[in-house]
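Chains here go by letter, A, B and C, matching the order in which they are written, and residues are numbered from 1 within each.
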Amino acid sequence: MKYGKLGALGAAAVLVLSACSGSATTPPAASSGSGASSAPVGSAPASSGGAVTPGAWCVGGTVKIGTELPMSGGETANGVPTENGVELLVAQVNAAGGVAGCKLATNVQDDALNGVHDPQTGAKNMQTLVADASVMGVVGPFNSGVAEAEIPISNGAGLLMCSPANTANAVTQPPDGDQYRSAHPDKISYIRTATPDSIQGPSAADYLYKDLGKTSVYIIDDTETFGVGVGDSFEAEFKKLGGTVVKRDSAPKSTTDYTPLFTAAAAMNPQGVYLAGTTPTGMGLALKQGRTVSGMETIPFVGPDGVADLGPGGTQGATITIAGAAAANVYGTVGAAHDLASGSTFVADYTAKFGGAPGAYSAAAYACAQIIVASLTKAAATATDLASAREGVRANAVNSANTFTTALGTLSFDKYGDNTKPFISFYKTDMTAAGGKGDWVFVKQESFTDPNAP
Amino acid sequence: MTVNLPRFARPLGIGAVALIVEYLLLGTQQFANALTLGAIYALIALGYTMVYGIVELINFAHGDVFMVGSFLAMWIMTTIFGLTGPVTNLVNLVGLLAIVMLATMVGMGLIGAFIERVAYRPLRHAPRLAPLITAIGVSFILQNIIATAFGPSPVNFPQIVPADKFALMGARIAYLNLFIVIMAVVLMIALQVFIGRTRLGRAMRSTAQDREAAELMGVDINQTIAITFFIAAALAGAGGMVQGLYAGSIKFDLGFFVGLKAFTAAVLGGIGNTTGAAIGGFVIAFVEVYATVIGYTQWSEVAVFTVLILVLVFRPSGLLGQQLGERA
Amino acid sequence: MTAVSKPQAQSPSPWARLRSSARNHRSITILAGWLIIAVGLPLIVLIPPLSTFQPQSLWIDGFSNAGVFILLAMGLNVVVGLAGLLDLGYAAFFAIGSYVYAFGASPFTATQIPFWPMLLVGALIAATLGLLLGAPTLRLRGDYLAIVTLGFGEIVPAVFLNASSFTKGTNGIGGIYKPTLFGFNFTLENPVPYYITMVAILAVTMVLLYRLQGSRLGRAWMAIREDELAAASSGINTITTKLLAFALGASTAGLAGVFATSKLTFVGPGQFGFQVSFTVLAMVVLGGMGNIWGVATGAFVIYTIQAVLLKELNQFFQAIHAPILQNIDFVQYQYLLYGIALVAMMLLRPEGLFPSSRRREELHVDSEDISDIPPPTEALGQ
């Protein structure tokens, strides 16, 4: 459900890296690639106070981007930095005069109940956002389970959702995906920026087996939707290649001691370890404690973008910070292109506004908001009221002919709402980088063709 | 919570048998892991069992007190002593560990007594479920204060004990594991002596047995209960510190499930029974590690609670029974 | 045992006469009460302070969700409030009801059993599991039963999580079918049919519960709650009686699960954690254990605080331009505020908002307790 988490973080880190190379001057807001209105959106504060008078569709001079993320309790770290990504773009767009003269605001919804993400609360939030006619599109949700409860509602109402984090295949792809959009099968209402589990897991398996030449592996997942999803697809691919999975464990995030797990696995002499999960859900601790077990000290550990968060040592909550010296010889996949063409100012802008590094999904949420803004910019030309503007945003965003330039690179979406050109970038840790604190360094990237293409 | 020397024989016997069975099933390496985990569970379980023994309250905030303990220890180490990495000088290391542990225990004890004063004492005459609800409320409050102060992400805990290992019977065991087990055992013995041999301990036992009679005999009930909460929270604080040392990273929501398991341990051993709580902690850790060894990690939680239900069905007063005896 | 409330010696006023006739025709009164509520609630939210929060359709949708918790609280009240059995794993039965409906009516199992019979099936299966759990464990005293139910509450979601080939594991089951009635299809866009269904379920459940409470069985529950030993020696079969309370509580939770799942169209193992069991227990305790209307009100109050008020604090303080307060992001502190609210409410009214008359008297005579262990504090001065 959340490959996206790491993806965003990864992307953010990627942005940092690419910033060093001095490329990228594109403004942060997305521009719709398929022609149409090209009102300057985003950055460029030079054009402040744009004198454009908003069209009749812009009731009250302000429309909203909804956010539907877990913002409280144990999920704060997931939701708040992600939501900040949206706030950043909204501030930039407003500084530049808004969308065709129409200012933006946010409608923030929190799907955590008692501190845990809750599909019931998510469904209620989606009803709330649908009922707020000025909401043009929604960034969220974070968790696939929440998405499965929300898509039927947004599909029925024709409100665009863009998830920065969902990765479970079932959310979009048949047969399950069809059931969620049964109200209007022809009008999908959901897109996502993250690379599905079915691509990220196997690419890590290929890397471990072919590039690193390891033929046996120990897999541990965190029992969450994302971890189990990438773990399963990794396992299937690794076996298909001819490798051996010596042991597969599932340890919930409430686990406080991973030593017994690794002790048991070490007895079977795996040549590598796949950490199927994210650092906040226990994989950081698993890496740190796993390394202390005899036989596990030096073998490669590979993780998806929940582990390869691309945060250098010293960054709060980052994998390398938590694992310390244990982070040596760790490899990771990130579901985004490394050499992004645009958005290189994202990290700097984010840090300047919020006083801290972006979270794992901040860049993806920013990209989602960029897509909504670009779609709205295009829809504004023909919209007559809020309802037609909302429908225009949905239709433009899901139209597979449109491409969007975002902080995650150029994106477009297939008939199920999945990214048409998924990228996987590979990273490894270098403990001498970042002044001895350790950092992720880029290894290579691969692009995949759209698995759903006809 | 009574401790009569002759009655040591039975718990010690049960404990010894349990340990031997564990050792045979797990092998040296995993046995060391289970002992370490069990020591941490036991330190928390002691607090549950003491509080239950004296006020019959399932203190659901206790797991979070444990969590706050690890953050307090982390804060003392990094902010006051500026520690970030291993301390190699043995004398310095032992001194630092002792000071940090003492400070953490005292600090947490005060927090525990404060919680009792604010959230539980006013409800002592209220229906029995009322303090249960405030306990959960306190749990939410503690988690949120820590999440606000230290952030919701995992936080690094300075690894001041070097990661060196020694060989033992074909296994390689870290000195840290040894330290944790020894420290837990020392604290448990100290607790037994305190409860069994001191005036305050006697006050606690008598209060647990019959509060009215104890008060008639001149026991200051409020003070005794406050001290019980102080000790329970101090032990949880020590547990929190060793959890941090052992795991190396801590998170604001780490207390809840550990608390549930430790509570299970307390019940398993016979709630109100301090020796039982310690043994229960080791048994729970053993069940968890054994589930891992045979390849059913994801079922370990189910196994723990199934064992709990079975023990209670067939031996309703826990492994060791209540030392307090049946009341009413 | 019934005439507990003190005889009231005022001269009969019209109000008193209404009260006494309401007491004589309790079922009709309850149905009438629910009718008034059903019509009144959607109208009340049109009045300004409430209407500024959200539009009417959302309020109605929220009331259906609140109804799920009212149903849960009323069911748990039978177990905790009437029979005095502390159940800390009540969400397990909610989970069972939810999954039963997911198995009965989803593309995952390729079956589509209609919603209405599934309400019964869900309730029956939950009750059966309640009996299976209760039979060996109900002889445990007071808090030990609480621990066993706590364990059960952890086991059930873990089984749904781990038995992934039967439950789709952590992904959960989606696309669950919505109810239909004589060709009318329930949709997610229109909250009214769900609302009416929920009110009907609540009204019928409440009538049944009040009848049960006054019946021989209900009096047996209360006798056990007050003194199990005395109840047993008066000829009450305590095990059977407790089992029935347990099964009845479980079946109500099963019912709630079927309804909630048909409305959400999704079920996953993460929805039934300890937090849910605890929230329902807090509703029962806060509402006033043993008092069915009180418990229902407690559930409504806590649900509204959690799901509406705390989530809307930001908008609220910004709307009234409260100094300082409008600059604080309350979304992030709602969990903290909820904790403080729980502690404060318990400190202010430890017996709950609306304690049952029987319990109110107990509290004033002597602090008696729901379990058979007397509280250690009774009659102790400070």
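Here, contacts are C-beta pairs under 8 Å (C-beta built on N, C-alpha and C of every residue); 3 or more make two chains touch, one makes a residue touch a chain.
Because the structure is predicted, anything quoted here is derived from the model rather than measured.
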{"item": "Label of the chain whose CA centroid is most distant from the centroid of chain C", "value": "A"}
{"item": "Contact-richer chain pair (by C-beta pairs counted) among B-C and A-B", "value": "B-C"}
{"item": "Centre distance in Å when chain A and chain C are each reduced to the mean of their C-alpha atoms", "value": "38"}
{"item": "Euclidean distance of C-alpha centroids - chain B vs chain C, Å", "value": "33"}
{"item": "Centroid distance [mean C-alpha coordinates] between chain B and chain A, Å", "value": "39"}
{"item": "Shared-contact residues (touching 2 or more other chains) in chain C", "value": "161-162, 332-333, 335, 338"}
{"item": "In chain A, residues with contacts to at least two other chains", "value": "73, 76, 115, 223, 250"}
{"item": "Shared interface positions of chain B, touching two or more other chains", "value": "140, 143-144, 256, 298, 301"}
{"item": "Residues of chain C defined as touching chain B within the complex", "value": "80, 86, 136-137, 139-141, 143-144, 146-148, 150-152, 154-155, 158-159, 161-162, 274, 278, 281-282, 285-286, 289, 332-333, 335-336, 338-343, 346-347, 350-352, 359, 363, 367, 369-382"}
{"item": "Chain A-touching residues of chain C, taken from the complex the two chains share", "value": "54-55, 57-58, 61-62, 65, 107, 161-162, 164, 169-172, 174-175, 187-189, 191, 260, 264-266, 268, 270-271, 273, 275-276, 279, 306-307, 311, 314, 331-335, 338"}
{"item": "Contacting residues of chain A [partner chain B, same complex]", "value": "73-77, 115, 223, 247, 249-252, 254, 256-257, 259-261, 263-264, 279-280, 284-285, 288-289, 292, 294, 316-317, 321-322, 324"}
{"item": "For the chain B and chain A complex, residues of the former touching the latter", "value": "29-30, 33-34, 36-37, 40, 140, 143-144, 147, 151-156, 159, 163, 165, 172, 174, 243, 246-249, 251-254, 256-258, 288-289, 292-293, 295, 297-298, 301"}
{"item": "For the chain A and chain C complex, residues of the former touching the latter", "value": "1, 71-73, 76, 80, 108-110, 112-121, 123-124, 127-128, 131, 144-145, 148-149, 152-153, 156-157, 168, 170, 175-176, 179-180, 182-183, 223-225, 228-229, 250"}
